[in-house]
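Order of writing sets the labels: A, B, C and D. Residues in every chain begin at 1.
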Amino acid sequence: MACREYDYAGLLAETVARHRHYAAQGEVASYIPELRKTDPTLAGCALITPQALYEAGDTRYPFTLQSISKVFSLLVALEQRGVETVFAKVGSEPTGDSFNSIVKLETSEQKPLNPMINAGAIAVCSLIPGDSVEERLGLVLKLLEKILDRPVGIDEHVYHSEQETGHRNRALAHFLKDIDCLEGDVDEVLDLYFRQCSILVDCTDLARLGMFLAQKGVTAQGEQLISPHLIRLVTTFMVTCGMYNASGEFAIQVGIPAKSGVSGGILAAVPGRFGVAAFGPALDKKGNSVVGVRMLRHLSQALDLSIF
Amino acid sequence: MACREYDYAGLLAETVARHRHYAAQGEVASYIPELRKTDPTLAGCALITPQALYEAGDTRYPFTLQSISKVFSLLVALEQRGVETVFAKVGSEPTGDSFNSIVKLETSEQKPLNPMINAGAIAVCSLIPGDSVEERLGLVLKLLEKILDRPVGIDEHVYHSEQETGHRNRALAHFLKDIDCLEGDVDEVLDLYFRQCSILVDCTDLARLGMFLAQKGVTAQGEQLISPHLIRLVTTFMVTCGMYNASGEFAIQVGIPAKSGVSGGILAAVPGRFGVAAFGPALDKKGNSVVGVRMLRHLSQALDLSIF
Amino acid sequence: MACREYDYAGLLAETVARHRHYAAQGEVASYIPELRKTDPTLAGCALITPQALYEAGDTRYPFTLQSISKVFSLLVALEQRGVETVFAKVGSEPTGDSFNSIVKLETSEQKPLNPMINAGAIAVCSLIPGDSVEERLGLVLKLLEKILDRPVGIDEHVYHSEQETGHRNRALAHFLKDIDCLEGDVDEVLDLYFRQCSILVDCTDLARLGMFLAQKGVTAQGEQLISPHLIRLVTTFMVTCGMYNASGEFAIQVGIPAKSGVSGGILAAVPGRFGVAAFGPALDKKGNSVVGVRMLRHLSQALDLSIF
Amino acid sequence: MACREYDYAGLLAETVARHRHYAAQGEVASYIPELRKTDPTLAGCALITPQALYEAGDTRYPFTLQSISKVFSLLVALEQRGVETVFAKVGSEPTGDSFNSIVKLETSEQKPLNPMINAGAIAVCSLIPGDSVEERLGLVLKLLEKILDRPVGIDEHVYHSEQETGHRNRALAHFLKDIDCLEGDVDEVLDLYFRQCSILVDCTDLARLGMFLAQKGVTAQGEQLISPHLIRLVTTFMVTCGMYNASGEFAIQVGIPAKSGVSGGILAAVPGRFGVAAFGPALDKKGNSVVGVRMLRHLSQALDLSIF
């Protein structure tokens, strides 16, 4: 396929222009006070081919990774601790419950259902090795910095906001400790979790991260950072559980491995072809970017991206 | 009824002798490491009439109040903050779930079902006023000291053991904070809760506390400490939810307002007549003293104590 | 107490007059089409002492027993099949779930929590012996006829209405069959259940039925129909689970063993003293008569009827 | 790829030989008495390319479709009634609950989570049009007959066995009626559901049905029976929910759209390439063929079939 000749730039510009107005149907996340301040009408999307980066709209506006970070802390935990150790503490099944639900921890198998819900991601965090929170977070940051080829930092305001208000996540972490699915000190693990959620990126970064997954763990510089086996595993979770409890509908309508965060970003990876990303802070009831989902659906149809 | 003439002492001695062996059917609480050390074959019961105290077996062995403290912290919260404020944060319905369940907090009315389950008791604790944990705990201790007419202390080993291992209670407390059913600082409220659970009593103390309830809030010295209205309210909760999720069966088989704790004590109040208490550290699957329940059933039948 | 001299008639008249207007805060049951037709402003209450019947308001308006029938089918099943057989199929714990909930059947002990919720009552129905629905229903009707000293019939319209629309009850019954808590043929048991729910009474009948329970199973004619042991058992259930998932609040505010039905009746028994009944078809959200609960609370306070 | 030259026959023979012994780790379905009679050590697999059919082991042993039928009744309902009508009655989200769970119907969105769990499949069945069960079933049979190019029948013993013992499915159906997710008569819909579950196939048939999906709705004779859009939709459900609550693990380990049934069959479709099928009646705890899952994992790795 002669990719150069397709007008990706025009497609992205049209995509943003046609969908930005959907922001009115959603609401900016309010559970972290700091997030409430974002302008809901921001919208952007980006696409990376092996040849070039294309972007349109608010693609350089910084936001925090939030749940998108779950993908990369899982990669770190899998690489550092091994598949078996990780899946001793977290399951691999999708769930119809919402991302912060605690019910299943009590009524089902006594381990969080998968690493893409908060409970599972906190359990995974606890497995990242290191002598301090800084050292453990360093492993996640180093992975991102190698992929993005730039230093990566944290939004201190969002981090402190999460620290102060993350009562539900604290409840999940203590519950995990009780059922022996959280290694080490609860407060330290939560500190690590809140920090990784506060990592700053923009929409083009998400597209680069998506491209890294699409290229089976090889960076733009050609370095194989993570083994293809682990990338496939994580990509599969993105399909079955990446969009909270709207993952099933997203799989049907868009059909690309993706992970969303409550700050409004969505990272998507078209295996072997593209990294794609969308940004729009107004969320639907399930926590996904209203504009982002619509833009990705549009791109999937226009470029026939569904893996199904 | 000419109470003096009945051979209560003989009845109690026979009751302990006949039921002590049931301890083999239960297990000493293990969720707090400190409690595991108790000798499971201890057994005692005590009964107080307005005239005298009767006792048999291990009635002077000290143990911690555990869940029995919920009755008295509720009385303090109701007296200090009023009925309306308390029931804004906790419901009044029994539940078929176990005492440390978190499910209902998420799936039902977003407030703990009643003040006798852990979640409800922690919410109630948070309403006890004071500038420090010591001051707040002081209100509970003062009530107990006035009833028992002696200084009351805490088992520091049990307290620290609960502090270190109470992950499920921490989970409940943070969940309560998230749904706005816990006032103030989570860690301080938990500290207060763990301390009140660690208050030291013996079986005769429990009988005295039961007598206080049976006498509608009047101490042995004749002082009306708590209004009869609040005593009735708390006594009702003891009937519908005092024996964890075996309260229904206990109501049928014993029929006395009672509250049990995982250290093996059961406090019971026969309105207008007796305070009764039983002690035996081996618990059944629902967390009630195996020997204690059987001894109370025996006493209820022998003395026709059921309120139904 | 010289009961003859108290002005019960005046108290009842005042009670109805003062509370009838609360009907505006509730709604007539709509889940059975036939019930929707009832005038929501009807209100009546009745009280029976060993000496006389007192009544005020719409005490002669006929309505169907609905859930109140659960008390009497339970008595029949207990008497015919024995305590052990009955409690092999149904538990004895109250529940915070609503009366028609199916969740607990799946997540907890695989038997309905108690005989006062629909699932438990259907299981109990299946234990009533007989070669046909008519014969089995006959046992329930005979008990009622002996207590009321008059022939008792069924509202055919309500019965057929329940038959046609009782999908939730059918779901419960088939679930019970699956977990081996329903004896015999599902459709026949449901037929029996729908018929017993459709038994016609009025408010004075309910007071008479309450008096029978208050007199420990002795009829007005002096016949001991049911053993006191079974009456106590059933009365205890009325306290812990008789008012659906508002039983805890009712115990606190009224404190009398009672059973409500969605047609708006409430039967209450003050042990050793009175039979009391209230009627008012407008229901609160939990399925209890809005006016009925308020009238009973008023009477309980005026006559100090609480057993707590 | 020159498909002719690969030794598929040898690969399949080796696959069956190496995995047949895993049957000892599972159990033949017992919930339908008729299924219990099957020999647990049967094992077979089949693969169809556009050029040829390859098979090894017990590929001609007849068994009933069971849950695999859900794929085809969904295709019929979607084609006959349209996407919108179908998804008004059933959701599209995966679930961590087991296939016959009723909990979510009550606690979540009041519609079955997806068409691959029993509740959802029964709701879908109710949407298949026709004046009689025969006519409605005829639509499903006709689709299968056109794909398989042979007459298709029903196992009458299994059908009657399901009719007599399917209490849980009856419970689900009546619950669906209550929440308005089941069109028409409950018993007729259940009759249709039980019949479609009893459709007789063998392992080579499953491979042919898989090929039909892999070819986007085109038969071996070249006829486009179902639009590619609907095939994609159904295929996506197979990935997220096709293997009961082991779908997430299957996606990770095998990565092929698949649907299993409790008779031991698994149908799989590798988009654009193959139809694959496995058979082995011994099931794991989640209801999937123990041998079947292992054989498909082996084939997926050997032929690199994962879509992720």
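The rule is short, and it goes like this: contacts are C-beta pairs under 8 Å (C-beta built on N, C-alpha and C of every residue); 3 or more make two chains touch, one makes a residue touch a chain.
Every value quoted in this text rests on a predicted model; they were computed, and no experiment measured them.
Q: Going by average Cα coordinates, which chain is farthest removed from chain B?
A: Looking at centroid distances, D is the chain farthest away.
Q: Can you give the whole-Å distance between the Cα centres of chain A and chain D?
A: Roughly 32 Å separates the two chain centres.
Q: Express in whole angstrom the distance between the two chain centres, defined as the mean CA positions of chain B and chain D.
A: About 55 Å, centre to centre.
Q: Can you check how far apart chain C and chain D are, centre to centre, with Cα atoms defining each centre and the answer in Å?
A: 47
Q: Among the residues of chain D, which ones contact at least 2 other chains?
A: Touching at least two other chains: 107.
Q: Line, ring, star, complete or other: which describes how these chains touch one another?
A: ring
Q: Of all possible chain pairs, which ones touch?
A: A-B, A-D, B-C, C-D
Q: Could you please specify the touching residues of chain D with respect to chain C in the complex?
A: Counting only chain D, the residues touching chain C are 101-103, 105-107, 167-168, 170-175, 177-178, 186.
Q: Could you pull out which chain A residues touch chain D in their complex?
A: Touch residues, chain A against chain D: 91-97, 104, 108, 113-114, 232-233, 235-237, 239-241, 245-249, 251-252, 255, 257, 271, 306-308.
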